[in-house]
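Across the two complexes that follow, chain A remains constant while its partner is chain B and subsequently chain C.
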Partner chain A sequence: MDKELQELIKKLLTEKKAEWAVGYEKSYDEFSTSPAFVNDPAAAGRLLFNKYCINNLGSYLNKLKKNKVAVVCKGCDIATVFELIREKQFKRENVTIIGVACEGVVDKRTGKLLEKCENCAVKQPVGADFTLGTAKNSPKPKSFEDVALFEKKSSKEKAEFWERQFEKCIRCYACRNVCPVCYCPDCFAQRSMPEYLSKHVEAGENKLFHMVRMQHVFGRCTDCKACDTACPVNIPLSLLTKKLAKDAKELFNYESGADTDARPPLSTYDEGDSESDIM
Partner chain B sequence: MSDNKITKTNIVGFLCNWCSYAGADMTGLGRNIYPSNIKIIRIPCTGRMDPMMIIEAFHNGADGVLVSGCHPGDCHYSEGNFYWRRRYPHLKSLLEHFGIDKRRFHASWVSASEGKKFAEVVKKVTAEVKDWQENG
Partner chain C sequence: MTYLISKENINALLTSLLAAKTVYAPKKDAEETVLFGKLGSAAEWHGASLLTHTTAKDKVYLQSESLFKIKKGKDGVQIEEPAEPEEIVIFGCRPCDARGFDVINKLFNWSNFVDEYYTKRMEKTTVITISCEKPESTCFCTSFAKGGPVNETGSDLLLTPQKDGNYFAEAVSEKGKKVVSENSKLFSEAPVNALQEKADFKTAAETKIVKKLDLAAIKKLMEPAFEAAYWDTVHLPCVKCGACTYVCPTCYCFDITEKAFDNLNSERVRNWDTCMSEIFTRMAGGVNPRTDTKKRFRQRFMHKFNYHVDNFKEELCTGCGRCIKACPVSIDIRKVIEGIK
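Moving on to the complex of A and B:
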C-alpha cells in the first residue's frame, strides 16, 4: 500500500491539487511512526502506512487551514475531519481525504491492538476522496458496555476511582494538545482573568481540568482516543470520551462527525425536549 | 442535628433574574418559610449558565447546586431556558460519571408568582442534599 500512497500523494502535489500532504513517516525505531508534512513531490517517498500509525492526523488540519491539504486518514480519523468541517474550521474543497484501509493500530507501549480497534466498523474508510486497500469491517456495532458497567458503581466509588486517576495526572496537557477539537487559542486552563484553574498540580485541580475539558468537547468529540493514547500516565480518558459519545447518542440521538451540516446537540434545541428531572 | 456531625449544608442557587429571582422575592413577601442553606446568585438567564460555573461551585465545596429559571416558553429572551434544558441532563450525567451524586444537582422552573413553589423546591433540594450527606 505504501507505494500506492506515495504515488498518489506525488500526483496530488505535482498537479497542485494539494500544497501540503500530511501523512506518516518512519520514526526513531521500527515501532514508531511520526506525522510527516510534505510539500515537495520528490519527498513523497518518505510516507508510509502500517499498524503503528496511531496518530490522528486530523489534528493538524487546523494548523494548515489556509492551504490546500491532502491528509492520510484511517477510517476512524475521517469523523474528525468531518467534525472540523462542520465546525467551519476549513472548507471541504480544500481537503483531500486519502482513506487507508486499516486492520487496527497497535500501541507500541503494550504491543496490543487498541481497544477501539477491536470492534471497528470503519476499517474500510467511508467518505474519503481516495481509498487505498481493502479491509473487512467488524460486524459488531459500537458498544458502551464498559461505560454502562462503570455507571453502575456508587457515586462514592466513582469519585474515589477518579481521585486515584487524577492523582497520577501531571497536567502536561498532552490530552488537550493532541485533541483535534480542542483548538481554542486561549484555553480556560491557562487563563488568568478569571483564573478558573489554579496552576498547581493536585488531584482536585486536575479533576476540574478534565471535567471542564470533557464538558467543552461534548457533542464534538468523535471518540478518536487520541487523548487516551497520548496520556503519559495512562489515565483511562477513553472511559470519559466514550461516556460523551454514549450521552450524545442516548440523550440527543446525535453522533459527532457523521454529518457536516448537523447542529451539535447543545447549540440547538427542540421545544419538545424532555424535562423529566426538572422540578 | 444528626449524629455524624454534619453541621453545614451549603447549596448554591443560580436564579434567573426575570422569573426565579423574583419568585424567591415573592417567597419572602408571602412569608413562606424555607431552609436558609441556599445562597442565591442572580444570573441574567438560565441560558447564561456556563456549566463551568457549576463545576466550579462543586469544586469549591458546594454540597448542592440548584439552577432555576422561567418555565419553558416564558423566557425573557425567548429561548434561553430551552438551551439550558438541553445542557442540564448532559451535565448531570457527566457529573455523575465523575462521582458527583445526582442528589446534589437540581434544576427547577419557578415563575415570578410562584413564591410557594420556590419554598417547596428549596425544601426538597435541601432534603436531598442532606440525605446524600448523611447516607452517602
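Moving on to the complex of A and C:
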C-alpha cells in the first residue's frame, strides 16, 4: 500500500490539489511512527502506513486550516475530520481525505491491539475521497461491555479507582493537546485571570481538569483514543471517553462524527430529551 | 570502596533501609505504569532495573512544592514554613536517572545561589543505582562524557549485577559509604574478578545502545542554525504538550503561584513548568516572546544542547530517552538535533 500512497500524494501535491500532505513516517524503531508533513512531491517517499500508525492525524487539520490539505485517515479518523467540519473548523473542499484500509493499530507501549480496533466497523474507510487497500469490517458492533461493567461498581470503588489514576497524572496536557476536538486557543486549564484551575499538581486538581475536559468534549469526542494512547503514565482515559460515547448513544441516540450537518445533543433541546444525566 | 552483596542480602539491605527511611523504588501498577513508589516492604521490590515512566527527579525536586503557608488571623498575618524534608532513599534507579541529579545539583547551586528547597531535600537523599542491563531503542547515554550503563555519576552507591546473581557494590560518596558501614554485615569483600565482570557487563550493555551522537559537533552547529529554515517544518508534528519535559530527569523550569484556600488561608507553591506551553513565556501585560510554536519547539533543543553547555560545560540531558518514549507523536530528540545543518 505504501507505494500506492506515496504515488497518490505525489500526484496531489504536484497537481496542487493539496499544499500539504499529512501522513505517517517511521520513527525511532520498527514499532513507532510519527506524523509526517510533506509539501514537496519529491519527499512523498517517506510516507508509509502500518499497524503502528496510531496517531489521529485529523487533529492537525486545525493547525493547517488556511491550507488545502491531504490527510491520511484510518476509518476511525474520518469521524474526527467530519466532526471538525461539522464544527466549522475548516471547509470540506479544502481537505482531501485519503482513507487507508486498516486491520487495527497497536499501542507502542504495550504491543497490544487497541481496544477500539477489536469490533471496528470502519476497517474499510467510509467517506474518503480516495481509498487505498481493502479490509474486512468486524461483524460485531462496538461493545460497551467494559463501561457497563465499570458502571456497576460502587461509588466508593469508582472513586478509589480514579483517585489512584489522577494521582499519577503529571498534568503534561498530552491528552488535551492530541485531542482533535480540544482546540480552544485559550484553555480554561491555563487561564490565570481568573484562575479556574490551580497549577498545583495533586489528585484533586488533576481530577477537576480531566472531568471538565470530558464535559467539554461530550457529544464531540469520537472516542478515537488519542488521549488514552498519549498519556505518558497510562491513565485509562479511554474508559471516560467511551462512557461519553455510550451516554451520547443511549441518552440522545447520537454519534459524534457520523454526520457533518448534525447538531450535537448539548446544543439542541427536545422535549423528549433524557434527563438522566442531570445530577 | 568496592564490595560484594548477595542477592539475598539486597532484600536484607532494603529491610534495614526501610526501618529508618522512606524508600522509593520502581513499582509497576495495574496499568503497567512503572513509577518510583514508596516501598512498604523489601518484597515489593521487583528485582530488576526497570526504566520508569517518569524519573526519580520528582522525589527531590517536587512537582508542586509548598514554599510557605500564609494564615491571616486576629494577630495579623502568620507565615508557616514547610516541614523539614525527611530522609529518603531512591533505590534501583538507572545511571541515567542518577546522573540527572548531578546535572541539576549544579543548577540549583549555581555560583553563590543556593536553592534551599531543593538542596535540603538532596542532602537527605541517598541514591542507590543499579547498572543498566537493558538499554532500549530510545537510549543514548553513551553520547555523553559522563554517561553510560555502568556510570556512577550522581549515585551514592552503584550496584552492578554479576553473572552469579550477586551485585558488585561501589560506594561512590560519603552517603554511599555510610550505607555500607551501617550494614557492614551484608557486604563482603569484592572478588578479584569483579572489575573484569563489570567491564564485560558494560560492553554487553553498550552494544545494545544503537545511537551515539557527536554532541560537540552538534553544539557548534546550533547557534548559527538559530534562524535556519529547518525549524519551520521540523516542529510541525509536535503537539506542544509537556510530556517530554515532565518525564525528563534534567528539565528544571518552574513557575511560582499562589493558592488560596479561603479568605484567611493561602499557600505559595512552586510548580514545574514547561517551555512547550504557550503561557510559559507570557508576561504580565500580555507580551510573549515565544508565541510561535516553532520558537517553543526550538527552545527545548537550544537550551539542552547549546545554552546549558555554555553555562555548565555539559548538556542538559542524560540520554535516558524518556522524552522519546513519552512523546505522543514519537518525536526523537536525537533525530531533531542530528538534523541541524
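Everything below uses one rule, namely that the second predicted complex is superposed on the first by the 272 of 279 C-alpha atoms of A that agree within 3 Å, B and C clash if a C-alpha of one lies under 4 Å from a C-alpha of the other, contacts with A are read in each partner's own complex, and residues count from 1 in each chain.
As a working rule, contacts are C-beta pairs under 8 Å (C-beta built on N, C-alpha and C of every residue); 3 or more make two chains touch, one makes a residue touch a chain.
Just so you know, these numbers come straight off a predicted model, no measurement behind them.
In the overlay built on the shared chain, the residue A:Glu275 is in contact with chain B alone; chain C does not reach it.
Residue contacts after overlaying the shared chain place A:Asp247 against chain B, while chain C stays out of touching range.
After overlaying the two complexes on the shared chain, residue contacts for A:Met193 are found with neither chain B nor chain C. Touch criterion met: A:Ser32 reaches chain C, while chain B stays clear of it.
In the superposed pair of complexes, A:Leu149 makes contact with neither chain B nor chain C.
Counting contacts by the rule stated earlier, no residue of chain A appears in both its interface with chain B and its interface with chain C. Chain A meets chain B in the complex at residues 150-151, 154-163, 188, 196, 204, 207-208, 211-212, 214-215, 218, 240, 243-244, 247, 251-252, 265-266, 268-271, 273-275, 277-279.
For chain B in complex with chain A, the touching residues are 51-52, 55-56, 59, 72-73, 79, 82-83, 85-102, 106-109, 121, 124-125, 136. Residues of chain C touching chain A in their complex: 29, 31-33, 35, 53-54, 63-64, 137-138, 233, 236-237, 239-243, 245-247, 255, 257, 259, 269, 271-274, 277-279, 324-326, 328-332, 334-335.
Within the complex formed with chain C, the residues of chain A that make contact are 27-29, 32-37, 39, 55, 59-60, 63, 108-110, 164-165, 168, 170-174, 176-178, 190, 192, 195, 198-202, 226, 229-230, 232-236.
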